[in-house]
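When the chains are written out, they are named A, B, C, D and E in that same order, and each has its own residue count from 1.
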Amino acid sequence: MKSKLYDKIATIYFYAVAVFLILFLASLISYILYQGRTKLNIDFLTSPPKFMEAGGGIGPQLFNSLELLIITLIISIPIGLGAGIYMAEYAKPGLLTEIIRLSIETLSSMPSIVVGLFGLLVFVTMTGWGYSLIAGALALTVLNLPVMTRVSEDSIRSVPNSLREASYALGSTKWQTIVKVVVPAAMPGIITGIILTAGRIFGEAAALLYTAGMSSPALNFSNLNPSSPTSPLNIVRPAETLAVYIWKVNSEGLAPDARQIADGAAAVLLLMVLIFNILARWLGNTLYKRMTGER
Amino acid sequence: MKKIQVKDLDLFYGDVQALKKINLDVEENSVLALIGPSGCGKSTFVRTLNRMNDLIEGVKISGTVLLDGQDIYKDVDVIELRKRVGMVFQKPNPFPMTVYDNVAYGPRIHGIKDKKKLNEIVEKSLMAAALWDEVKDRLSKSALSLSGGQQQRLCIARTLAIEPEVILMDEPTSALDPISTMKIEELINELKNKYTIIIVTHNMQQAGRVSDYTAFFLNGELIESGPTDRVFYNPKDKRTEDYITGRFG
Amino acid sequence: MTVDKNYERKRKIVNLFGKAIVFISALLLIIITASLFLFVASKGLSTFIKDGISLKEFLFSTTWKPDRDVPAVGSLQFILGSILVSVFAIMISAPLGVSSAIFMIEIAKKLGQKILQPAIEIFVGIPSVVYGWVGLTVLVPFISKHFGGLGFSLLAGILVLTVMTLPTITSVSTDAIKSLPVEIREASYALGATRWQTIRHVILPAAKPGILTAIVLGLARAFGEALAVQMVIGNRPVIPKSFLEPMSTITSIITMDMGNTAMGTVWNDALWSLALLLLMISFTFIIVIKLVGRRGMYK
Amino acid sequence: ACGSKQPQSNNSSTSNNLSGNITIAGSTALQPLAEQAAKMFMEKYPNVAITVQGGGSGTGLTQVAQGAINIGNSDIFAEEKLDANTAKSLVDHKVAVVGFAVVVNKDVTVDNLTQQQLIDIFTGKITNWKDVGGPDEKITVILRPASSGTRATFKKIVLKGQDEVEGVALTEDSNGTVKKAVADTKGAISYIGLSYIDDTVKVLKYNGVDPTAQNIIDGKYPIWSYEHMYTKGEPTGAVKAFLDFMMSTEVQKGPLTKLGFIPITEMKAK
Amino acid sequence: MKKIQVKDLDLFYGDVQALKKINLDVEENSVLALIGPSGCGKSTFVRTLNRMNDLIEGVKISGTVLLDGQDIYKDVDVIELRKRVGMVFQKPNPFPMTVYDNVAYGPRIHGIKDKKKLNEIVEKSLMAAALWDEVKDRLSKSALSLSGGQQQRLCIARTLAIEPEVILMDEPTSALDPISTMKIEELINELKNKYTIIIVTHNMQQAGRVSDYTAFFLNGELIESGPTDRVFYNPKDKRTEDYITGRFG
């Protein structure tokens, strides 16, 4: 029968696609890690780059990436969570809600280079901060907010209504219900979402070229004066990240081992993304289990 | 003494009338059972008594509900009201937190912070809900790790912790096994000395066992109400009789 | 239980305050979006208002000579370049993405959820500079060696974008297919349909709005991607005549020239106009998705 | 507006009480040098804080003209980027010279090209290496983006201002990518800064002259340009001290030379 | 004549046994009603007859099911089987396509392409499902725009279009209003002249009205089966009697 033959062919085709994609990803990851293997050591991860000679590291860049990530999360989690709460618990169908939703969707598909340019105009030039950590963090916030909002909204919506009713029936105000019952119950989902998006923030480059800049002062970790340009606490210093550094090494690397540096940085970047992924899954599961008591 | 007086209560979900001119009084420290076929408005009715229906959009209510003579839709603040009129739901719905925190939740949101006082309340409430012995060693375990029957008693303890005057129970045992059901029925029998209880049930025998008064609903109307024995063995309305003898529903 | 009147008042105020805070958070999203449009537009429109370039020249001429005394900023080649590279990438990644979505939901649920799904999530996470770097160091030499040409080419851009849009398309169409009711599958099987017939004649048509959304989102991502594409396409400011020729896109010309031109010059303004164009295109995609989504039959 | 500075040698003992904040931005080519110099300067004067940013020459000029930063780095004269009025408000400090070499893929056997040959190649008149005495091989021209200072210098000095053939050339964003593209592409030709040169590409003579620092200093090799640090108006205080420091032997013979620039203090040619 | 013979049928979902040693014969051109309380295995049973359970993971089946004497799990190809044994589901489940395409779907996937022939089949099937008059002007409208009752008849038409020999119906009217229910019951009465019909129903009266034979399931076992009148008015098993007179379920 012809239809059975077609069915077989189709099944084979779908398996082939799946196998192809998995093999492709596996080889991509192994290639990147293999190329960067020689650089995956403490020295490379901690020492500053060198300009004309081989052996430079990615210390400041790695640190900047992490610091930028943290600042971005500090800004975008409260706002995104707030907006998510609003959309899930307060928003009534209507024009305003539609506009907020349209804004979220528009922002979430905004090309990151446009966000970078917007950041250049507003956070770099208008504020007078110049290329800086804070300008970069704000640009990343613009990129991250819609994702954060959506993650929070979805997780909050999936909290069963029976919990809200239980809380109201005990005489809670709406805000108490949200803060003490709904948000904690939504936490596993929110945290998983946050960590997964953290990977994206960590690897972003286009939005940072024009905001956090393409240079990094050599950081002095004993300098805790937030107005000194070499202090890690200074948020108006330029802060080249790892992803931006790959881009720059490739274009302007004077060091003879520029290729290896880019390979190593790419491997580090990939590893971080893998770690974020695994962490998100693990933490999400653990929190969920703790909450539901099946420990 | 009349604890609750309901007068000419109408309730609409949008354009659909779910309650039609309900008039019903509830005696203090008694158990009132609400019976009737599915969809007749039992849940809707009990939810008007602590204004849980306020949370649903498009609900319109007219008529009056008096609690100790005060109009709950006019004279009483809704949060105050819900403190005085507690509720237990059909499906056990403990919060995803520890057993202790579940019971302490109510007192806490009403401003009690003193650790010792909270401990006291938790113990007293769990005792009153006949759960203390089973959970006293696992107060800091997640409430979701309890069995269904224990969860439901925890929900009752949680309600008792805010010291309500009235307790509404919407089919509190329908999701439970017979043994848990029995325990909760016993509990209700004890609680009625201190509380006014309104219980919705599908189970005729349960209504017979636990209640002092019974009200029969049909299609949003209150067909008949009165002392349980009278309603069961000497119904005034043909429809009540048909329902109780299992001819429909 | 006694009632502390002070506490009652306090928590009612907190209740209102909380609502205000989350409302402001939500409003912030509108404010950010609006100011993004406003600022980019204010710069992007000066090409036409202040510098007197006609919209027609900007959109339909291919003469890009912004360093001349009388600058020419015809951008058609960049616009077409972006379209070419994105559309071709989607033409490859859409069938692959939809196929793997079908694999995960209809063919091998367990295998899909255990292996393919996490794999796709990792695909999403890989930063675009890493894709660009691998494209530059592996793909470009490979193309030049086996297909001829310089390697830097439309083809290289297409392939990099294929990989980058694949996860978007896969995950969005997975959601669309997953949300179809199990009943229509059963109905089809009960009529004696094979699995393929069910997929082909019931699942795919029913999931069409969702799949279209996936494709448009993929297209939006391809259009807006900057660095990875710029690294491999060769940046020749002309419309490519074959897959092996270098080309430019809207994003690549912006990345290359933005920092090296001074603000306020025609040249710099034209780059902002391109950014504005990118913004408008991305917004158009969102509107398209809204319209497509409204047609969805199962929600 | 090009009030060029004389080298200053004796400012060391003057002040430990020099203080202030300096922000420098602009040319990415000059950025590593500025960063190194800033680091040395801050060690000397702990009360001065210098921030060095990139962004490109255009950005540097724009921002210094707007007063957003103290020093704008550029590898091109301000007049070529800004309108005449704005450019006039800036003071030019030429701090270094950068030389450029014509480079080709290693498979190209040609060793020397004349200016005319280069013009013909870059404007598309000559498209095969055999026409300039090389193998029978297609010439692939690789350019920098139109906004690049390097490209502007090359166009001005070598091409006598004639337009390059855009239609057949590749464009690479920066020195590093140009070098890589030339190394990887058969028959490729382009130009890069002297400091980027390594053995992956082949360096050509220009009109028979080798592109060495000495030849540039002696005025024999003409493809070079200044690296500028612009200030808005005459510099004062810490900014002036830093610009002076840039001209000191410590920098000129130190990191500047090490990074492949040619000390401006040595230049005999103008 | 025996259309279907079921012998010693066991079915497991993983470790849970849902059907226990079922033995049952189905007469050709008759209506067999399956009754029993919720969860007793009625749906599971009908789904073994066209092997819909094959789609569920972890299902284990033993015993034999013969269709016209052929073992459907051995001798008959599953696609061929489903063509011969059609099925109508509890919730109307038309495809999200036009009315016409819904009915033409089956014939098309079985290889009929001729436009004229398809038209004929569609008209005939819709006629047989008593739907033709109501939809003949809206064949190219989406099937989802029909009312619930119309959708269910459309699903029946869709099944008829593949000209099955047996039609399985799993609570086909439970989601419908009384008038639609009546129409479908009438339809079943007509269809039984040409088809063998097995219908699952919760509604005792419906079973009485439409079926020739009745089988009573309880906890995965077939308690009793036989002519409907006999089973209803003269049950052999006490449990059957209890169920039919409404004492449980």
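Following the convention adopted for this analysis, a residue touches a chain if its C-beta (ideal position, glycine included) is under 8 Å from a C-beta of that chain, and two chains touch if they have at least 3 such contacts.
Composition by chain, UniProt nomenclature: A = Phosphate transport system permease protein PstA; B, E = Phosphate ABC transporter ATP-binding protein, PhoT family; C = Phosphate transport system permease protein.
Small disclaimer: the values here were computed from a predicted structure and weren't measured.
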{"item": "Interface ranked first by C-beta contact pairs", "value": "A-C"}
{"item": "Far-end chain from chain E, centres as C-alpha averages", "value": "D"}
{"item": "Far-end chain from chain C, centres as C-alpha averages", "value": "B"}
{"item": "Centre-to-centre distance between chain C and chain A (centres being mean Cα positions), rounded to whole Å", "value": "17"}
{"item": "Between chain A and chain B, centroid-to-centroid distance (C-alpha), Å", "value": "47"}
{"item": "Between chain E and chain B, distance of the C-alpha-averaged centres to the nearest whole Å", "value": "42"}
{"item": "Residue list for chain B, restricted to those that touch at least two other chains", "value": "79-80, 83, 109-110, 162"}
{"item": "Two or more partner chains touched - positions in chain D", "value": "28, 54-55, 66, 173, 177, 180"}
{"item": "Chain A: positions in contact with at least two other chains", "value": "3-4, 173, 176, 210, 250"}
{"item": "Complex interface listing, chain A residues touching chain E", "value": "1-4"}
{"item": "Contact set on chain E toward chain A in their complex", "value": "77, 79, 109-111"}
{"item": "List of chain E residues in touch with chain C within their complex", "value": "50, 52, 55, 79-83, 86-87, 89, 91, 93-97, 105-106, 108-110, 142, 144, 155, 158-159, 162"}
{"item": "Chain D to chain A touching residues, read off their complex", "value": "23, 25, 28-29, 31-32, 35-36, 39, 42, 49-55, 63, 66, 68-69, 173-177, 180, 195-196, 198, 258-260"}
{"item": "Residues of chain C touching chain A in the complex", "value": "11-12, 14-15, 17-19, 21-30, 32-36, 39-40, 43, 96, 99-100, 102-104, 107-108, 111-112, 115-116, 118-130, 132-134, 136-138, 166, 194-197, 199-200, 217, 220-221, 223-227, 231, 251, 254-255, 258-259, 272, 275, 278-279, 282-283, 285-286, 289-290"}
